[in-house]
Each structure stands twice: as C-alpha cells, then as structure tokens.
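Reviewing the structure listed below.
Which chain is which? They are A, B and C, in the order written, and residues in each are numbered from 1.
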Amino acid sequence: MSTQSTRLAARLMVAPSVILLFIWMIVPLAMTLYFSFRLYRLLSPERTGWVGFNNYIWFLNSPDFWLAIWNTLALVGGVLVITVVLGTLVALLIDQPVKGQGVLRILVIAPFFVMPPVAASIWENLFMHPQNGLFAAISRGFGAQPILFLEQHPMPSVIAIVAWEWLPFATLILLTALQSLSSEQIEAAEMDGASAFSRFRYIILPHLTRAITAVILIQTIFLLGIFGEIYTTTQGGPGSASTTLPYMIFKQAIVAKDIGRAAAGGIIAVILANIVAVFLMRGLGKNLDA
Amino acid sequence: MARALSPRRRLLTTIAAWFVALLIFFPVLWMLITSFKTEASAVASPPELFSADWTFENYTEVWARSDYPRFFWNSVVISIGSTLLGLAIAIPAAWSMAFVPTKRTKDLLMWMLSTKMMPAVAVMIPLYLVFQRVGLFDTKIGLVLALMLMNLPIIVWMLYTYFREIPGEILEAARMDGASLWNEIVYVLTPMAVPGIASTLLLNVILAWNEAFWTITLTTTKAAPLSAFIASFSAPQGLFYAKLSAASTMAIAPILILGWFSQKQLVRGLTFGAVK
Amino acid sequence: MTLTTRALLGASALACLSSWAMAETITVATVNNGDMVRMQGLMDDFKAKHPDIDVQWVTLEENVLRQNVTTDIATGGGQYDVLTIGTYEVPIWGKQGWLVSLNDLPESYDVNDLLPAIRGGLTVDGNLYAAPFYGESSMVMYRKDLMEAAGLTMPEAPTWADIEKAAAAMTDKSKEQYGICLRGKAGWGENMAFLTAMSNSYGARWFDENWNPQFDQPEWKATLESYLNLMNNYGPPGASNNGFNENLTLFQQGKCGMWIDATVAASFVTGKDSTVADKVGFALAPDNGLGKRGNWLWAWSLAIPTSSQKQEAAKAFIDWATNKDYLALVASKEGWANVPPGTRTSLYENPEYAKVPFAKMTLDSINSADPTKPTVKPVPYVGVQFVAIPEFQGLGTTVGELFSAALAGQKSADDALAEAQAAVADEMKAAGYIK
C-alpha cells in the first residue's frame, strides 16, 4: 500500500512527533553543553566565564565518580535482575486459574500507582527504620538486633525499594505475554512427558523473550535517571556509599548550586546512557524484530 | 495458557498466589493502616496491627492544612491533558510507522526513547530558564506540554505495537472504497485500536500522575499538583508517620481507584508488543 | 439576550473588575514547620486587617523550598513576594542585592525590640533584610527521671565531660534506652550544624584568617573523636541517618536520655505527642571551658525579593506576621507555649511567657551565641554553625558526608578529617579564596 503519496503522507504524520521531540531534546542539550564549559554558580553570579574542560575534569577526578558509576550500573542491573526473575515467577503464579484473580492482579499492580517519593518514604519510615520500622520490630520479636538497612546496606536497600516499584510493571508485561501462549502447546509437551522445568525452559521462556526485552529496555531508560528514591532515603550515604551519577549531578545542581559542573555531569550521564544503550541494542536488538 | 488444575493443586496455587500478592501489596496496606492510627500508636513498639484508637483525625488535619481539591484538580488536568495531547500527536506517527515502515523506523523509535536519557536534574536549570522566559512557568499548559513530551516516546511506541497487530488489508479495503487517509485513520483504524489506545492512555495518565520532579520544580501555586502536596507533608517537625501516610493515601487513592476499575485495559496496555 | 440579563452581566463584570483592582494576591513561600503551619490557620486575622490583600501559600519541605526559592531568586524569576529563609541566606542574598531592605517598616513594628543576636544576623551594612519569624539556638534536653535514677544532676551549664558521664549512666541498650541522641544525617544543615557548633566549643574553626581550612588541626580531631565516642558508645544504632526529626521521634518515645538540638524542639518534647512530656529538663549546650558553648543560632525569617512586583503588600504581610500583635494573637488562640519563640525581647519580659518551662533557657542560649564572633580563634566569616559564603552549602554537605561515613564506621576519624581538609582546600582554591 505504499504508494508515493502515502509515503509522503506518512512522513508528514511522523513529522510533528519528530520535530517536537527534537526541539525537546536539542534545546536543553545545547544549553547543557554550553553551561558545561562555563563557570556558572547560581549564588555567585558575578563570577562567570569560560573554563574549558574544568567542569568535566572536576567530575572525572572526584573521589566519588567511579563509585557513582558503579552504583548506577549496580542499581540498573540489580533492579533488572530482580524484576525480571521475580516478575516471571509471579506472572506464572497469578496466571493460574485461582480464586479472585481480578483482585489478585490489582494487588500485584498496586505498587506501580504509588508516587516514587511516597514509596521511598513508606519504606524508609515504616519498614526500614532501625527503631520504628516493622522490620526492626520483627527482628526484635526473634530476639535479634535490628538490621541497619539504610545505614549498613544502603545500595541493596535502595535496589530493593526500586525493584518493588518496578516489579508490577515487569510482572504485567510478562503476564500478558504468558496469556498469549497457547495451552495446547504446553499440554502437548506435558503428554510427551516433559518435566515442569523443561516445559519452562524450552516453551515458556522462548515465548517470553520479546517481553523480557521490552521490560529491560524500558526499565533501563527510567532506572538510569533515578535519584528521587536515593534522595528520600539515604541522601547518597552514608558517606557516598549509595551515590549514583544522577545523585552526584543533583548534589552539584541543587546543593552546591554549581550549574556548570552539573551540566558537565549531565553530558557524562548522556554518554554513559548511550554506551549502555549500545550494549543493550547489541544484546537485545534482534529480539525486537518480529 | 490458563489450564484446568486438579482441585488440590488449585487450592495450593490459590494460597500461594494470594500470599505473594499480599506480600507485594503489604507496604501499601501498611501505609493505609498507619493513616488511621494516632501518631503515638503509629510508632508503638511492638507495632499494632489493629490499633485500639482508630481515627480519621489525620485525614481531617491534612484536609484542613492544605487545599487538597486544588492540587487534585491540577493533577487531573495535567495528567489527562498531557496524555490526550500526546495521543493526538502520536496516533498519526504510530500509524505511519506501523503501516508505512521504512528502513529507519526502528532507529527512529530508538532515538525517540533515547530522548529520555538525559537525567532530569542535569537539565533542570536550562529548562527552568526556558519555561520562565516563555511564560510557561507555573502554568498548567506548561506542565501539560512538558509531561506530554516526556511521555511521547512511550506513547508512540505503545501505539506502534498495537497498530502492528491490525491487519493492513482492512485499511487497504477501506481505501479501495474511496476513504481518504484522514477518514481511514479516524473511522477505521482508531475504532479498531480502541483497546490499545485506552490502555496507552491509562498507563500514561499514571506516569504523568506520578511524576514528581518537574511538577515540583516548574510550579509554585497555580499549577502545583499532588506531588507538591506530598512535599508539604514530608519531613516536618514532630511525629509525622500517620499524617504522612494519610497525605500519601490521599495522593495515590484517585489513581489507585482508577487503576482498579481499568485493570483489564491496563493489563493489555502494558504489553509493549510482548503479545503477538 | 434580554436587557436585564445584559445589565446583570455588565454589573457582575464590573464587580469582578473592581474586586480584581482592589485585591492584590501575594505569594508566600514557606517551610512546613509547625509555627508556619499555625500561621496559615490564623489568616482570618490578616484578612480582617488587610481585606485588599489575598495570600497564596507555597508550603514545602525545607530542602525543596530552599531549592525552589534559590533558583527563583538567582534567576530573577519573580514568582514569590515573600520568602521564608534563614540566617545563612540573608547575609549572602542581601549582599547580592536580591532582597528588599526592611528598614522602613512602621514604627509599631518596633525593630529595637528584636533580640540583638538575631537582628545582627539579619542585617547587612545597616540594612535589615529579613524579619525574624522565629529564632532558635540549641540546648541540652534531658530526662530528669533517668538522671535521678542514675543519681546524677545536670548542671545548668554543663561541660562535655558532664555530658559523657550522664550519657554513660543513662544508657541501657537492652531496654532500647540510649544515653544521647545527636544528629548523624549528612548535610550542611543537619550533622554539620551540630558539629560546627560543637567544634566552636572545642576551639576549632572552619577557616583561619586567610581562608585556609583547619580540619588538619587538633581541635577538629578532638571534636570529631569525642562526637564519635559519644555516639558509638551511648547513641542509638543507625544514627548516621538521624536528623532533627528522627531524633525528635526517638526522644518523644523515651528512647533518648539526652538530646542536644534546636531550642524549638522544647515545645514538641513537652507537647501532646510526647510520652515523656513531664520529665524533660533543659540545660545550656555544653562547653569545654574555652569560653564558647556548642550552641548555634538560626532564625527562620521573612524577606521580600527585589523581583517582587508587590513589595508594599508583601511588607504589610511581613509586618503582620512578625510584630508583637501576632505573638499576642497566637497566645490568645493557642496558648503561650505555642508562640513563635526567640525573636523579641518583650516576649521574654512578659510574665505570662516566663511561666513556659523552656522560655528562659531558650533566651539564655540565644544570647550566648554570637554569629559575628563565633569561635575561640579569629575567623574571616560570620555564622555560628555555618560559614556565610555561597560555597558553604556544597562544602558543608561534602564534609557532612565524610563525618557521617565516619559515624557509620566506614572511615576512621583521621581519614574523614584528611579527606575533608583536601576537599575543602580544593574548593576554596577553585572559588578563588586561596591561591
């Protein structure tokens, strides 16, 4: 159906989205690039000027930089692994014909409706708090010392919180994929005497490949920019134990009010995101075709 | 792939499924329970599941202390407005990507998603300055635009996935009958894609509703939505667990209720082409 | 359209216009602290006195508020007509010319009634740039019952040695009872407010007269080591995430023997949410016999940005919110204990207010802090628990993170101090203070 006129019409119809997104991307990006070479501190407006690569050098030389990169990747990787693995298991479970399926599903999706700052604050205050949290009370019930989640294990705790927020998303995508799997196929395999594990390994898992790809792609894009949960729970600490790259940028932009350095950090983050994206596309790109 | 199970296995599966679901839901439930406690019993040790003195006091106090209806209304306008505007722009784009694909369609989709890679904090000052200069600061229309652009890549991608499930022959048949391109999209494609569009709409309303960085940074009073409402209740002086829980419940209740009623659509909406 | 409806429409349009011309709306940005929330409940009084001014509130958590108003004022946004800012911001912003001078407030405001220490902190080159809403220092709050059980008495003006002795005596970890609770959460306004004030009493300082950082000096080492000693032996677990509010909760639950923090906490620990309300005693912040106490000085204050288009209305609001009548209004509605403290001499001369248990200790604490001479040795800066330079928010947070890591056991005190010294020296060079 692609006559010349439809092709032209098609271009015209893509145009608004592309143009708007291009402006939305290029204007802040250009300004950020400009600021990244400038001395620009919000509270000292009298001191301005070009500083070359100083802002980048500061960022790369900062003692926290490599830790922050590692933490960023650990956060993305950790959350992806947890949500994909648990998401698959939960999806398999709630796909079964059980009583009250509708209610069950809404319970599983519920965390997705919770605003991230609210989610982080619930976990910090009502669960992980070393004196008043529910976990501390449970530990005490067993006569054990409360675990200091955010103080001694800040990164795993943050990863757990973020994974809780994104688990419903992964579960739902995987659930929908499961529902489109024909039961005849499974039954046939069952007849042939295939074990539950091999049914999963050779029939269900291949069927889920595209869904898992979608989960990884979308979540990675959101997870690379996460800082709100860290800000609410650990402020990147103790020390810099849970500082990620976005949180480092946040500190420069909002605490130190150094817009130049924050801009340099932003450009570094974009480069990092693109590196991650290239790896993702290499690893997963073929799964997207269909 | 739902299949019949033996009664015993069915019972076991039901128990397991409910256990897991309640475990995942528990933090939200605990917040709900806490919101009805007094501040003192909210931090009681050992924790009280069913506090002796249940109270609505937290809700009345939160209600009295801030203009909840205004925040609520702003959230509604911003999240629905940005989603509708996004759909209006994305439907034609997704149509042409799905039915007139080129070599670069996939790259274009990836590029669209990549516009979301810049960390928000890094572009805070640039966008703040732009919004201020063009008079969009603290306006609902400004936030509608910002959130629309933020979610546009996701909207396009989701719609693209749905449209690809619609057989192209039907559209061609319509064209044979002399329908214009416009009529084809409005009267043939759109009705067929209603479930997909509905679920896209829902997911993006939720994403917009939950956005808590730009909605606070780019507003003061007139356009401030529920995220700002929450920011006025977090970390105050004194005991606050119960009041924070009440405020949080008020902020997420509307979207939770909406989600409850539209669970089926949502399940479809979150597929992103996972289904063939 | 009939003539009558047309006339009616015209009349209502006119009414709209005239009320629009009459009423001016000002936007007031404020923090979500108890005293400010109380003020919002008293707006009927303001409306009665100023029917022509409507007030629109932006109430936010302290950090978010600071972020939004700073961005606004530094970029000349002009979104706000009244800002709630602290003694750290006022001298810096005043010097930048970002704030409107309040020297022309009406006679009835009685500027000479303001406590001198507070007024001094809000004045730059003879211009008062913000009107204090409430002022605070820090002091020791302790459990009288636990002290008694331990056979100790708290002196009115304790030394750090007294504090350690009391903390040791009151600690019983098996009962979740900790001798002392102090701030551990990283941040220039969190742990560094406490530690900087504490360091003053140990004779330490942030910078010498030539802006060289002093974290490599023995005074800072002594400060940090005794802080870590107190917290590791007698403090609650997980203290590296405890700020003002976390400690307040712990104290209200009866888990702390002592707590050294803001004087405004006094009304909370003796208030309705507290399980230990009738058992709390107060004492001055500790010293080490060097002539400086470990207490700070802060005032949440109302200021008008020069970018505001409605400066007269904003002034009328500030006058209403911070003058003597407002204190009387709060007292009549909510009782004297809930009056915003720490701003006016007349309040402390009021015999009714003297009955409030923490009134005298608050005043003594405020009077014993001197932002212009905060330290034992001379310094080139103003500010007790902060250094009033634009770079301090970043510096204070960096150092605060290092000290918080030391408290969490991730770093030794020596490493934390050495890293602090290096980081601050780098920043001060980059900012051009030292060559």
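Note that a contact is a pair of C-beta atoms (placed from the backbone, for glycine too) under 8 Å apart; a residue touches a chain by one contact, two chains touch by 3 or more.
Keep in mind that what you see is a predicted model, and the values were worked out from it rather than measured.
Peer 1: Among the chains, which one keeps its Cα centre farthest from the Cα centre of chain A?
Peer 2: C
Peer 1: Of all chain pairs, which one counts the most C-beta contacts?
Peer 2: Chains joined by the most C-beta contact pairs: A-B.
Peer 1: I'd like to verify one number: the distance from the centre of chain A to the centre of chain B, where each centre is the average of its C-alpha atoms, in whole angstrom.
Peer 2: 16
Peer 1: Using CA atom averages as chain centres, what separation in Å is found between chain B and chain C?
Peer 2: Centres of chain B and chain C (C-alpha means) sit 38 Å apart.
Peer 1: When you check chain A against every other chain, which residues touch at least two of them?
Peer 2: Each of 42, 131-132, 254 in chain A touches at least two other chains.
Peer 1: Would you pick out the residues of chain B that each touch at least 2 other chains?
Peer 2: Touching at least two other chains: 43, 45, 124-125, 129, 231, 234.
Peer 1: Going by the touch rule set out above, which residues of chain C reach two or more other chains?
Peer 2: 67, 71, 75, 176, 249, 253
Peer 1: What residues on chain C touch chain A, complex-wise?
Peer 2: So the residues of chain C touching chain A come out as 67, 70-71, 74-75, 92, 96, 176, 185-188, 236-241, 246, 249-250, 253, 255, 390-391, 393-394, 397, 401-402, 404-405, 407-408, 410-411, 419, 423, 430-432.
Peer 1: Sort out for me which residues of chain C touch chain B in the complex.
Peer 2: Per the stated touch rule, the residues are 27, 29, 32-34, 37, 40-41, 56-64, 67-68, 71, 75, 77, 79-80, 176, 244-245, 248-249, 252-253, 264-265, 268, 271, 273, 275.
Peer 1: Within the complex, which stretch of chain A touches chain C?
Peer 2: Checking each residue of chain A against chain C gives 41-45, 47, 58, 63, 129-132, 145-146, 148, 150-152, 234-241, 251-252, 254-258.
Peer 1: Using the touch definition from the top, list the residues of chain B that touch chain C in their complex.
Peer 2: Within the complex, chain B contacts chain C at residues 39-40, 43, 45, 64-66, 124-125, 128-129, 132, 137-138, 216-217, 220-221, 224, 228, 231-240.
Peer 1: Across the complex, what residues on chain B touch chain A?
Peer 2: 1-5, 10, 13-14, 16-18, 20-22, 24-25, 27-28, 30-31, 34, 43, 45-47, 89-90, 92-93, 95-97, 99-100, 106, 108, 110, 112-127, 129-130, 149, 152-154, 156, 168, 171-172, 175, 181, 206, 209-210, 212-213, 226-227, 230-231, 234, 241, 244-245, 248, 251-252, 255-256, 259-260, 263, 266-268, 270-276
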